[in-house]
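So, here come the structures, one by one.
In the two assemblies presented below, subunit A is common to both, partnered first by subunit B and then by subunit C.
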Partner chain A sequence: MGALDTVINQCKEWAFDLNFTRAKKWKSEEEGRILAGYLPIYFPREIVHAADGLAVGIMGTGDRKQVIKGDAYFQSYICRMPRGIIELALDNNLDDFDGFIFPSICDVIRNLSGMFRILDKGTFVKYLDFPQNFQSHIGGSFYRKEMQHIIDLMCEINGITVTPERLNHSISLFNKNRQMLEHIYDIRQEYPWRLSIVDVYHIIRAGLVIPVEAHNDLLEVICREIEKDTGEPQDRVRVVVSGSFCEQPPIGLIKSIEMAGCYVIDDDFMLGSRWIQGDVDATSGDPLRALSEAYLSQSPFSSSVYDVDNPKEERLAALVRKRNADGVIFAAPSFCDPALLDGPNLQKGCEARNIRYISFQYAENTGQFKVIKEQVGAFSDSIKLWEDEPAEV
Partner chain B sequence: MSEAIFTMGIDVGGSYIKGVILNYSGNSELVDKKVEKIRKLNPAVVATELIDYLLEKNNLTYEKDITYLASTGEGEMVQRKTGHFYSMTTHARGGKFLLENAKTVVDMGALYARAIKINDRGKVLDYQMTGQCASGSGQFIENISRYLGLAIEEVGEISLQANDPEIPSGICAVLAETDVINSVSRGIDTANIIKGIHLSIASRIVRLITKLKAESPIILVGGMAKNAGMVEAVKELAAEHKHNYEIVTHPDAIYTGAIGAAIWGGYRYNKLREKEVMQFRTQE
Partner chain C sequence: MAEIQNKEVTKEQSMIIQKEMVSGLFKDLATAKDTGKKVVYTFIPGNLSELIRAFDMLPVYPEINALQSGMRKKSSGYIKEAEKYGHSEDVCTYVKCDIGMMLNGNIGPTGEKLPNPDLLLLSYTGCFTFMKWFENLGRLYPGVPVAMIHTPYQENGRITAEMTEYMVKQLKEEVIPKMEKISGKKLDEEKLKEILRNSAKAEDLIVKIFDSTKHRPSPIDAYFAGVYYIGPINIGFRGAPEAVKYYEALYKEIQIRIENGQGPITPEGEMKEEKFRLVVEGPPNWTSFREFWKLFYDKGAVIVASSYTKVGGVYDLGFRHNPDNPLESLSEYCMTCYTNLNLPQRIALLEKCIRDYAADGYLTNSIKSCNSFSAGQLMMMRDLEERLEIPVGFIESDLVDPRYFSYSNIKNRLESFFQMLEQRLLINESVLN
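Our next item is the complex of A and B:
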């Protein structure tokens, strides 16, 4: 087994470990370490790292756990992800966590934060409100206070003062992490056959449950390995997948998209790990301001961000152009209000720009992919064979 | 005469793997074909062996001679390939290859049946498909023939000898199988039992054709199209419904998906050569 396979297999194991074994082991190795769970989409993990903590992404249970109790907490018309997370909490999978952060994305996540409070999970439960005003002196100032509040909550647990030096060090580690993730996407843009999107998914998801230093080590190996000329290209269409930023699609669905004749060359799975576009300033005397400015000016388009002056459909089209994609697959979770509300506008934007697309919905525990595979297969063929309606074939 | 452009199409179905070699230069010409039953073997291994067999028999090599190897059906079972096409796309094009003026292709496979309306370029315009129910599938006939102690190759001819078909409930394969057992114990002639099964499946296919508002001529393809009794049953029922369709089949009907894949592979080979976006193996 080569170095790449070894790393990928390790990532597969970590990515869906619903007991968070690796994170809990890290915490147990030293006194005063903190585990802070956070939900999608984005959370500035740097501030937890600087406080000698590990920010652990809780992305739901996927198709790896049967949800029974969780269903009692939510109506039938609510997405599936929070049910699994409640189930994890009730089954004590999250007992070693010191706190939980619920970034503002939708009402469901907000209500989930309330449930965690009622269930008395962790020392703190923080609903992190992101600024919707993108001016530094208004939204930026607000966001810095929100981050400082989380730092204070952690300081109450382990007494660690987060100095600018500590925070800059953490920022530089996460900068490196994002650079390498972007490098993987850049290589896949040219040579998507070198690493499947399923492998990429496992690699990124593993990074949510292990220390960033360990993840960076893995990413170095992966970047080195995929720079080698390996694998054989296939005649597939190149697609961007959009809409899967919160509740994650099952692995079988992601695999089905590729098996049906596509290379997924960009996506918003695990979007939080790639949220900040480019580096955050790791040299300033006010790193919280640097993180805040990065959020205000370097965020991607997302359904959770109300950025009216920066139309999402244009940014999606720009991504399609940048990645030289043939089309877009809109894959959104059932009952996901943010994704499904944005869908029609984004699709209209694709039509106006002559970008081909299809759309479908899923749940994290969807088990049947035949229909989706057929839909994607027909989409792929329509691009490959009928793009310019050949006169004779 | 133009230089040969060899392409391959491999169709991995529910029961059989079908493979063809096609010469795509000029008018596409079927060079060779082979079908292999999967049985309980690993489909990936069966597919690889089938490809190797066809290449060796025709003195060709994958690396040097095959410009495009296209999979269809459960394409992930084909490890060496250039590309994959959706099975409806390939059956549409393959149907047109077998019957130049076909307007509708009815694919009667092991797992489901579907009627596909196509245009004069072999493009899918509309389709109707059976749901996830075993009683509309070729696999169902295989099961019944096994219960009756017949080889699948025999059932078509035996069905043609029927004079008083015994039609099962037709709602569900499980119930229909019970019906068949009852029919046997009641001493009903095997030919009439088989014909009844054929008529039951044919009724589903005629419903698909009707719902699709199919246009004539119709070509029946897929594994079940080899079964003369099945083809006859579809024709009979279509006539009963007063459909004035010309319904035909073809000796190579089982290869339709593989043929379509090979043709589209050739088309993509030329297209990609124009675009020069892929480095193909064949040296000019």
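Our next item is the complex of A and C:
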């Protein structure tokens, strides 16, 4: 087995470990370490790292755990993801966690933060209200205080003061992490056959549950290996997948997209890991300000971010152009207000720019992919058949 | 489906005042382009009525248009129109109804075309979907400025100085400048203070009105009739002298009902026997509003408190608009609206209602469209049941999509709930005897 396969297999194991064994082991190795669970989409993990903590992404149970109790907490018309998360909490999978952070993304995740308060899980529960005002002295100032609040909550647990030096060090590690992830996407843009999107998914998802230092080591191996000229290109179209930023599609669905004749060359599956575009300043005397400024001015388009002054259909088109994609697959979870309410605007944006697209809905525990595979296959064939009609992006 | 007897309900003075206020507003809106009045589209939770009034602008509330469309049986067509446009079946039907109405010529509840907005005032308070809604409207009304005010959530069950500061800065630097530019007027602070004084008076009165359900029989229904009572304070009249006049008249009428030992007025006249006192969580269904209400009053069930009547402001915990601190007070108002409270706060408020108004049961009307209310409702219900040992009931419907109002299903569930309440009352009586 080559180095790449070894790393991918390890990532596969970690990515869906719903007991968070690796993270709990890390915590147990030294006294005073903190585990802070966070939900999609984005969370500035640097501030937890700087407080000798590990921010652990809780992305739902997918199709890996039967949800029984969780269904009793939510009506049928609420998305799947919070059911699995409640199930994890009730089954004690999250017992070693010190706190939970619920980034503002939608009303369901917001209210889930209240449910965790009622369940009395962890030492702290924090709903992180990302600013929807993007001026540094208004929204930025508020956001810095939100981050400071989380730092204070952690300090109450382990007494660690987050100094600018500590935070700058953490920022530099996560900068490196983002650079390498971006590098993987850049390589795949040219040579998508070198690493399947399913493998990319496992690699990124593993990074949500292990220390960033360990993930960076893995990414270095991967970046090195995919520089090599391996594999053979196949007759597939190049697509961007959009709408899957919170509740995750099952691996079977991602695999089906590839098998139906597509290379997924960009996506928003675990958008939080790649949220900040470019580096955060790791040299400033006020690193919270640096993180805040990066959020305000280097965030990608997202259904959770107010966009009136920066329309997301234009930014999606720019991504399609940057990645030289043939089309877009809108794959959104059922009952996901943010993704679904953006759907018509994004799709009309594609129509106006002659970008081809299809759309469908899924749930994290969807088990049948035949229809989706046929739909994607027809989409891929239609692009191949009429590839001489270039998209006017 | 139940038949409602079309008895003519005697109009009380307050009803006449309210009707005049609402028809006056729609008349003003119909002539806004001729009179030069500027039109602001905005939302009920976190509504900045006092600011809109201070600039002599006219408010339009898309939720009100949607619920009116629901009551007038027009929402179904509008929703289908929005779904044809590309919106999913899964998303908020208020949004789809509003978009469908707009795509159909924006004919308002009175049958007249609503004017296009001069400003979209996005009070992002307690509902994430509001933001998506106005992002959509921003595209449907290209070129119309959007002023966004982000209301921080009371995640920790309290309002911090940082939260207020964030809001005040947004008001000063984002909202007010845009209103000044569009209206062509500078903000008149004295005028705003006077409006806020009136708001506080109306708020004092509305608290007394909803507090009247402490009486037996309750003189009002705090849910089905409550939605009419909160109308003026929620649709732009908070701060207007007419609103104070309306609530004074309503309060007087309620006092007379109390003195006479009368129950609430329903569409079929006065409710004669009060059998069950309920607290209801969640918005009502609008498409079958009267049939829905009838299921309650036919069984002698009166709603003594509801969370929905607090969606445009929670005044019973002491908040009042304060003319001495206008912007701080407007900010605090937004942050204290019901759906901006965290779940433990909501439970505490509902528990207070159940205790203060001596409720016999607690009912959740879970709305398919509204995650802001619905997510967590089952846990809240369980918590209250355990805490207070009160019978609880659960029904499901939707705001304005008639496809999700199943009359027989709701009737069956309610009948089981009422049987449970009846048994509980019998047990309680036998214990007392």
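Simple rule for what comes next: the second predicted complex is superposed on the first by the 386 of 393 C-alpha atoms of A that agree within 3 Å, B and C clash if a C-alpha of one lies under 4 Å from a C-alpha of the other, contacts with A are read in each partner's own complex, and residues count from 1 in each chain.
Going forward, contacts are C-beta pairs under 8 Å (C-beta built on N, C-alpha and C of every residue); 3 or more make two chains touch, one makes a residue touch a chain.
Everything quoted here is computed from the prediction, not taken from an experiment.
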Which superposed partner A:V308 touches (first subunit B, second subunit C, both, neither): second
Subunit B versus subunit C as contact partner of A:L385, first or second or both or neither: first
Which superposed partner A:D129 touches (first subunit B, second subunit C, both, neither): second
First (subunit B), second (subunit C), both or neither touched by A:H183: neither
Comparison of subunit B and subunit C by subunit A residues contacted: C
Touched partner set for A:A260, first subunit B, second subunit C, both or neither: first
First, second, both or neither for A:E374, with subunit B first and subunit C second: first
On subunit A, positions contacted by subunit B and by subunit C: none
Residue ranges of subunit C in contact with subunit A within the complex: 85-88, 90-92, 95, 124, 127-129, 131-136, 138-139, 146, 148, 150, 152-153, 155, 162-163, 165-166, 169-170, 173-174, 342-344, 346-347, 366, 368, 371-372, 374-379, 383, 396
For the subunit A and subunit B complex, residues of the former touching the latter: 233-236, 259-261, 374, 377-378, 380-381, 384-386, 389-390, 392-393
Parts of subunit B lying in touch with subunit A, wherever the complex brings them together: 68, 75-76, 81-89, 93, 121-124, 263-264, 267-268, 272, 278-279
List of subunit A residues in touch with subunit C within their complex: 72-75, 77-78, 82, 104-108, 110-115, 117-118, 126-127, 129, 131-133, 135, 137-139, 141-142, 145, 303, 306-308, 311, 332, 334-338, 340-345, 347-348, 361
